[in-house]
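To keep things simple, chains are lettered A, B and C as they appear, and every chain counts its residues starting from 1.
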Amino acid sequence: MLKLLNPIMRLVEIPFLLVQKRLGIGMTAWLFLAPNLALFSLFTFLPIILNFSYATTGGEAILLRDRPDVGFQNFGNLLECENVLDPSSCRNDLFWRAVWNTVWFVVFQVGIMVIAALATAIVLNRKIRARGLFRGVFFFPVLLSPVVVALIWKWILQRNGLLNAGLESLGFETINWLIERHWAFFWSTFISIWAHMGFYTLILLAGLQAIPQDVYEAALMDRASPWRCFRRITLPLLSPTLLVVLVLALIKGVQTFDEIYAFTGGGPGSATTLIMQFIYETGFGVQPRLLGVAAAAAIMLAMVLIFLTALQFWINRKKVDG
Amino acid sequence: MKYTRLIGAFMLSAAFTAPAAAQEIRFMCNDEPFCKVLDDLFTGFEAENPGVDVVTDIVSYDVVLKNLPVQLAAGEGPDMARVTDLGGLNEYYIDLAPYVDRGYWEDSFGDTLDWYRVGADDDGIYGMHGDFTITGAYINKTLFDQAGVEIPSADADWDTWAQAATAVAEATGIEAAMAMDRSGHRIAGPAISYGARIFDENGEPILVDDAFQEYVQKFVDWNNDGVMLRDVWAGAGGGSYRDAGAEFINGTLAYLFSGSWQTLNFDQKIGDLFDWQVVGSPCGAGGCSGMPGGSGIVGFKHTKHPELVAKLIDYLAQQDVYAELTSRTRSVPAHYGVAAAGVDYQDVSAPAAAALNAWGAQVEKLSPIAFAYQGYKNNRAMFNITVQRVTQAVVGEYSVDEAMERARDDLATVLAETAK
Amino acid sequence: MARIVAFLTRTRAGKGRMDWTDWVTYGYLLFGIVLMFGPVAWLLLSSFKTGAELERFPPRLLPVAQDTLVVESYDEPLPLFKMIAGDQEGRTLAQIRRVGLIAQMVDPAEPETRLKVNVADREPIERIAFAWNNYTDLFERLNFPLYLWNSTAITLTATAIMLVINSMAAFALSKYKFRGKLTVLALVIGTLMVPGTVLLVPTFLLVSQFGMVNTLWGVIIPGAATPTGVFLLRQYMITIPDEILDAARMDSASEWKIFWRIIIPLSAPAIAVLAILAIMWRWNDFLWPLIVLSENDKFTLQLALNSFQGEFLTDWEKLLPATVLTLLPVAIVFMFLQKYIATGIASTGGK
């Protein structure tokens, strides 16, 4: 199969040889970057720049040339608040509700997911039968599309669903899971963990497998308890992997959208409306399309994420240096 | 070699290159059964106009609502479409007036033509209203009979209906007495019946007034007392649509406030499980009005064949073609001629025929405010504000007063933004 | 018996019987299987149920359908009931029509006599039956092979393009020193923070400028240069020792050859992971294709299954089989690539 590609490869090699001979090895790096960079600039970076233009213009026109300049009014309006802890006191209360929902969602989702993923990784790292199968079992939900995840669980949790049937047969009151705000929030967090845990489990599993076995054997000789082994050996040696997992989980957690939108629609009321849903609905989902407000919110979201990521790397670097 | 051939074929595959038929008209349509009938009617037009190929693209409602406007703004999109945001997309419509018989159109469609226009001084003909819908209520007659509760009279108000439905629910042990679709369009009719004006004296939108708030207060209370099925409104956030059609079909609701479009669905799904009946809109100080609505067929300016598109829409608007459309889609006609002649719904069951007739009788009860609201270009924004804020009052994030105050602010923001 | 227990409880390390930690481990794994697969299995079972059965509470595990029988002088098959009380007790009757609490029934043996019975006096005759027509109806409504082809074409082409250009970029960013490298790297990582959903409108306007609306390329090209892919591959390629490259350069291999002959084979596990992720992303992609493709003959499977979502109805009877159909190909790919997914992700993420 690869041999078939040989003539193509020889053809592709020609520009690289030319650049390498005429302009030096350094310039070939740019040639390697070129195709990716071209598409990246056009379809990712340029839209981000355009997003800045949207953020500083108002009205509901879609084309930039039809949109009047409003300066930083969109940002100002979003941030106008008497007390940021109380969304009801803010000019755009829905934005702040979404912000706080997202904060709580990320705290629980990332926190519980990383712990559960770590526990699962440790279990899978033991000498067990059919390890490959079990690894697959935990990874499987990662492959499902967000809409499918939402539907699967909606079907189980609906008023006449499987869970309520189970509760009733055990003699409990049935609960309208997605109508009670706290339960809706709980299940939103739960399905998000359910869907993504497998990915992080595998990353952590790899980190665990990289820890040399003889360290544990030495600890076993000293009759160290399993808990002590975990605290003193596993955790410190795993911390670089844990950092990757935390950074990725945090970024993806803040950006959660489709699965919750399809699951609860952000309800009841605004109990599970996350920041991405706010951006989507404001700019795209419902009328009037306030693209400017959505773009401003998106930019603030990205800045917060960049700050959080930088913070995590900085903390890690300090740890490593110290 | 085999692989390269395969890759070559793959690259050339029709899917990757836009086909360019000489006179192809792309029609974007939502709601499969309705679109299939239209597509079938197009064949008549294709026969009259050789070389013309009308392609119907069936898409989800979200595409028409959210994506189509963006496509149109970018100069993309289909040549014609079936839309529900009638006034909002006006800037992209072809004015059919130069191509059609104005007299015939005005005689046949009258008021609904206004819904596609932007202002009072606009006399363009932009779209053909394909089906006329009207909001109102259905009841599960069998449950009323079982409970021995008398069905309230045609001029009963919401309180009377709520009492009767609650009595039925208590006697029969069903989940909830009533439900209303989660939609700003649905709740508008009852609010208008309670005296809400929606617009001020100058015709500027105000949305919330005392009467509107009075109805919202009742509605919120019913949700919290268990009279209304809480799942529908509390079960979602933002502007998402939810309905309680499934609950009604299951026989777990005595009363459902929805609209005429459910007729065919109920007829098919309920079958003879129970008897159901259309009871229209309860009355109040402002009358017994539902909201009119429906979708229309429009052509877009960017098409390469404006004349052909106009001709096609005009073809559909002819009385015989329109009558066939109405009859086969089991809809209420927006064409006066067809309505006057009476529609012969083919192979429709007795309950469905009764329901369609009952809906027809509701049309005359529609308030002028309801017509004005349906024709107002920013009405979708106002529907969304209503849904969002009333839901917050239902789930207790705000009191009704606060929620309505927010709704007023939202409307002010919308008006300021759309004025830009 | 004892030997079986001994066999089952023998641990792999062979150090003897299972201790409590093993029990906890297997308990946890069993719980994991139920939690991870259970919901999907329930979806699968439910997708074979008839509309009436779906509405039933409490639900039954297996799909059940009522027996029907074609009775003389009635066009449609009639549902069968067994009478358990009343005058007709013990007889098997077919229902013609039900009005509220009274049903009109007929004995299949004497189709002329209509009987009126109370609905409480009868129970339906049922058996386990899979409602395959939930699926066949879908196939009839949809041009399934076309949508499958579109989805596959998009997924494969996009994945191939993405793998090639992402690995080239990752190579440049991991193995060269050049001015501007940090800037490019910062841009790539920075854009990880901006989810594509917020860029829908500007990206669509650009794609429209290139005339790619309603073409499969409009779906393939914009997503090809993912920052995630570049980032993932770069993190892996960094760990390949520079000495190997230097040795190759001594043998005067061109930079392209180094990339193609050395870097790519050495990065195979990471590339396999990205391939799987890319296939999954593209297959499940929804919001973006929804706006780019609005003509039916360009639809992907996801769009086609969504297209009958109307303005007013949620219909579990159609939704459930549609959901199963979208996840089926993913499940099949998963079964075949399961080994690579596990080992591959494991070896990239950990670095």
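List of remarks:
The working rule: a contact is a pair of C-beta atoms (placed from the backbone, for glycine too) under 8 Å apart; a residue touches a chain by one contact, two chains touch by 3 or more.
Values in this document were obtained by computation on a predicted structure and should not be read as measured data.
Distances between chain centres, each the mean of the C-alpha atoms, put B farthest from chain C. Central chain (C-alpha centroid nearest the global protein C-alpha centroid): C. If each chain is reduced to the centroid of its CA atoms, chain A and chain C end up 19 Å from each other. In terms of their C-alpha centroids, the spacing between chain A and chain B amounts to 37 Å. Per-chain Cα centroids separate chain B from chain C by 33 Å. Residue positions 70, 74, 242 of chain B are each in touch with at least two other chains.
Counting partner chains per residue, chain C shows two or more touched chains at residues 55, 200-201, 205, 316.
For chain A, the set of residues touching two or more other chains reads 62-63, 284.
Chain B contributes residues 3-4, 66, 69-70, 73-74, 85, 88, 175, 230-231, 234-240, 242, 378, 380-381, 384, 388, 391-392, 394-398, 402, 406, 414, 417-418, 420 to its touches with chain A in the complex. Of all residues in chain A, those touching chain B in their complex are 1, 4, 58-63, 67-68, 70, 88, 93-94, 97, 159, 176, 178-179, 181, 264-273, 277, 281, 284-290. Interface of chain A with chain C (complex): residues 9, 12-13, 16-17, 20, 25-30, 32-33, 35-40, 42-48, 50-51, 54, 62-63, 119-120, 123, 126-129, 132, 134-148, 151-153, 155-156, 160-162, 164-165, 168-169, 194, 198-199, 202-203, 205-207, 209-210, 226, 241, 244-245, 251, 255, 257-258, 276, 279-280, 283-284, 291, 294-295, 298, 301-302, 305-306, 309.
The touching residues of chain C, counted against chain A in their complex, run 11-13, 21-22, 25-26, 28-29, 32-33, 35-37, 39-40, 42-43, 46, 55-59, 164-166, 168-169, 171-173, 176-178, 181, 184, 187-195, 197-203, 205-207, 221-225, 227, 230, 254-257, 259-260, 280, 283-284, 286-287, 302, 316, 319-320, 323, 326-327, 330-331, 333-334, 338-339, 341-342, 345-350.
Contact residues of chain C toward chain B in the complex are 51, 55, 97-101, 141, 149-150, 153, 157, 200-201, 204-205, 208, 213-217, 290-291, 294-298, 306-314, 316.
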